[in-house]
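My questions will all concern the structure given below.
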Amino acid sequence: MSGWQKVQYNLRVIFMAFEIELRQSFTDAFVLFGIIVQPMIVAFMALWMLKDQVANYAIFVVVGSAMTGLWTTLLFQGGNSITGERWTGTLEPLSCVPAPLRVVVSGKLLATITQSLFSIVCCYAFISLLMGLPLNIAKPWLFAGSVVLTVVAFIAFGLIIGPLFILNPDVQRFQNGLEFVVYIFSGFLFPIALLPMWTTPFSYILTPYWAARALHAASGGTGSDAEIYFCWAMLVVFSLIYAIISKFLFKSILRKAREDATLNMQ
Amino acid sequence: MSAIEVSNLQRDFQTTIGVFKRKKKTVSAVKGISFEIAHGELFGLLGPNGAGKTTSVKMLTTLLIPTGGTARILGFDIVKDAEKVRPRVGFIFGGERGLYWRLNATDNLRYFASLYYIDPAVSKKRIPYLLEMVGLKDRADEKVEGYSRGMRQRLHIARALLHDPEVLFLDEPTMGLDPVGARELRQTVRNLQNEKKTILLTTHYMFEADALCQRIAVINKGEIVAMDTPARIKDTVNDLSVIEIEVFGIPPETFEKIKSLPVVESATVEDRDQRQLLLVHTSKGAEAIPLLVSQLNDLKLGKVTTREPTLEDAYVRLVGGE
Amino acid sequence: MEKIKLNINIFFEGAYLSYVGLFRWLSPSTYLATLIFSPLTQMLFFVLIGTYAQGTGRAYFYVIGNALMNAAMSGIYGVTMSIGGDRWDGTLPYLFGAPANRMTVFLGRAFMHILNGMIGVITGLFWGWLLFHIDYSATNPWALLLTILVTTFSTAGLGLLMGCIGLITRNVMFVNNTVYFVLLVFSGANLELTSLPKWMQIVSNYLPLTRGIASARLIIGGHALGEVLPLLVEEVGIGLFFALLGYSLFRWFEVTAKKRGTLEVF
């Protein structure tokens, strides 16, 4: 099979996995909670807490709370992208097909993150309703570009989280805690300047941090175009780094699962 | 070159015992098995539950890495060339899991067809053909969560055949099927053999191995205890007769006494509703009956018959029967 | 006398066994992750939003509110799992078949979680002291302890009701998550109740935690027990109300299931 043929086949796999994942999780109550209910409740609280205290607080709350929905969905649904297959007994057949598991999971993550973009719509509609007027996005094209790069970057990030959760089940126990940790260190609803200086490097390696920074700057007009492009560059760089690391991670987890007989666990 | 070459294949598992002071224990599920299967042969791996059949198949399908020994499928090493083995084999482990329950049969197959890099034009024809072959054509648009166990088993088979593999591993394929379904499946297996596919079938149903397989390996406690054609394995018990005695509640001590009699080669007890059937293998034929009955004289007895041994009896003798 | 002793036995044994058997968080790392780490991160998140909005002087408001929310964590999730767990483990028919006094069994389930909840709240207040330098010097410790006990009791009461609802719905986690987040809004943990619309204030009044949080803020602010006693009495009343509601549902459920022969369905 030529390289180009393989790319074509893998693209087809991504879209099939995308379709299958979307159809399976579309009506999942847990998923709907993470995409709709929780972000809207967070939005309501943040709106009330930040009311008149911060400039452009309404659009800031929309973006910040939508980001909580994106991250929560990536953490729980994306994080379980491989462990979920193991629970259903489908990891065994998946690990024996020509299509690499990494490609399959990418398709699943694309579905997960696309679904979670609905958080932006929900929060925007909800806050607009509460404020009684439609909210303004200061730089719509840069905002749209930031959304696209956020999707790409989150997929790359998910390709790290999924294998980590299967490699070390103890990490998965901290899944609930990791939810708010990222909300905090990514500056979704407050600037990271509020945190101790020594935590800043940790924020910088988080994809959600650069995504939130770009989206806040583009929506609220609080950042220059140059700053937004810089965030885009960081999103691309980290996506590449995470994509490369994920290749080794996937190889590692599959090898370990075959050694430890953990491809199929009930 | 044989289609499948297995040389001293081994697999150990680590388990832990205890809750607070965890001690590691090594369990040998497969202790070093060797066999070769020719191209187009239908080979049976026969053994009781826990004998190591599934573990062996999982190693050969690259789902488990062996802890010792080697194996080659179509010339490719199962560890070093696993990537080359996978597209050439199909496997069925069956059961309730391993399928996407919220999707229907067609979508399950469409998904896996893409994962096997099958051209959409090809899969468009192949999927309906396979669904028809396994008898799921009429229920193809229903979600798998509504399928019976037998239907799910059949969908597993369709999926295993999607990429038209040269080698097939069928792990207890008729388990959970009703007699009609099982018979249809056995016919499907025969048809596949007619297509010159190499098939390794595991089962604990002796009559199934006898009916389908050209050669059988009997595996017990991780080791192969016999390997030959069904007829020759049956021959190993030709010197024996089987005496069947209906009893109504045989105490364990009495059973042990009978087993220790010099005329008794081996013995088992089978439960049949309200009564039990004591099966004794002896080379003395009907002459052994009075001695046996005398051991059972304080019990209520039913029919006593003598018959020729079957493959089942050979199997019982080989695996030590309990 | 014998009957009382027997019931006490059933209560404590049942409480302990049900805790161990059904409360899957028992391993140390899971306990650490779910009852210590996760609530800490949530508290940090809201406290930081609050201090972003109103400065560090108001940190105590958010610390106390979110620390008391830890009671809800055990009360809702923990208690629900202890009751609902019977269903998923298939032990429900055996529970209903046993001759033990239903009320004793029922309340025993909540007992260990009340203890857990108290530990969670105290831990939260400790973090508040360590990280945000909340001043507890004016606090009457016994009054605070009583407040914490009462609050955890009343959320456990709600948990008993949620647990019973969990016996008849498949989306129990969705319901639990929603109730938890609704409490986050209505309890006044992060929002000044008087700033909310009138209808929300009315709803707040009928929910557990509201009075507990208000009492805790008063006591830590130096007020005497006598001033908060009426609030605490009402809090107990609310807890009892939900517990009784839950118990009625529990009994109705048992009677109906036995009549229809549908215990195994659940």
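We call the chains A, B and C, going by the order they appear; numbering starts again at 1 in every chain.
Assume a contact is a pair of C-beta atoms (placed from the backbone, for glycine too) under 8 Å apart; a residue touches a chain by one contact, two chains touch by 3 or more.
Fair warning: this is a prediction, and the values are worked out from it, not measured in the lab.
Chain centroids computed from C-alpha atoms place A closest to the centre of all protein C-alpha atoms shown. Look at the CA centroids: the one farthest from the centroid of chain A belongs to B. Separating the CA-averaged centres of chain A and chain B is a span of 45 Å. One finds 31 Å separating the Cα centroids of chain A and chain C. Centroids of chain B and chain C (each the mean of its C-alpha atoms) stand 52 Å apart.
Residue positions of chain A touching 2 or more other chains: there are none. The residues of chain C lying in touch with chain A in their complex are 29-30, 33-34, 37-38, 40-42, 44-46, 48-54, 171, 173-174, 177-178, 181-182, 184-185, 190-191, 195-196.
Against chain C, in their complex, chain A makes its touches with residues 29-30, 32-33, 37-38, 41, 44-46, 48-50, 53-54, 170, 173-174, 176-177, 179-181, 183-184, 189-191, 194-195. Within the complex formed with chain B, the chain A residues making contact are 1, 9, 12-13, 16-17, 20, 23-24, 88-90, 92-99, 104, 255, 258-259, 261, 263-264, 266.
Across the complex, chain A is touched by residues 13, 58, 61-65, 86-87, 89, 91, 93, 95-103, 107, 110-112, 114-117, 120, 159 of chain B.
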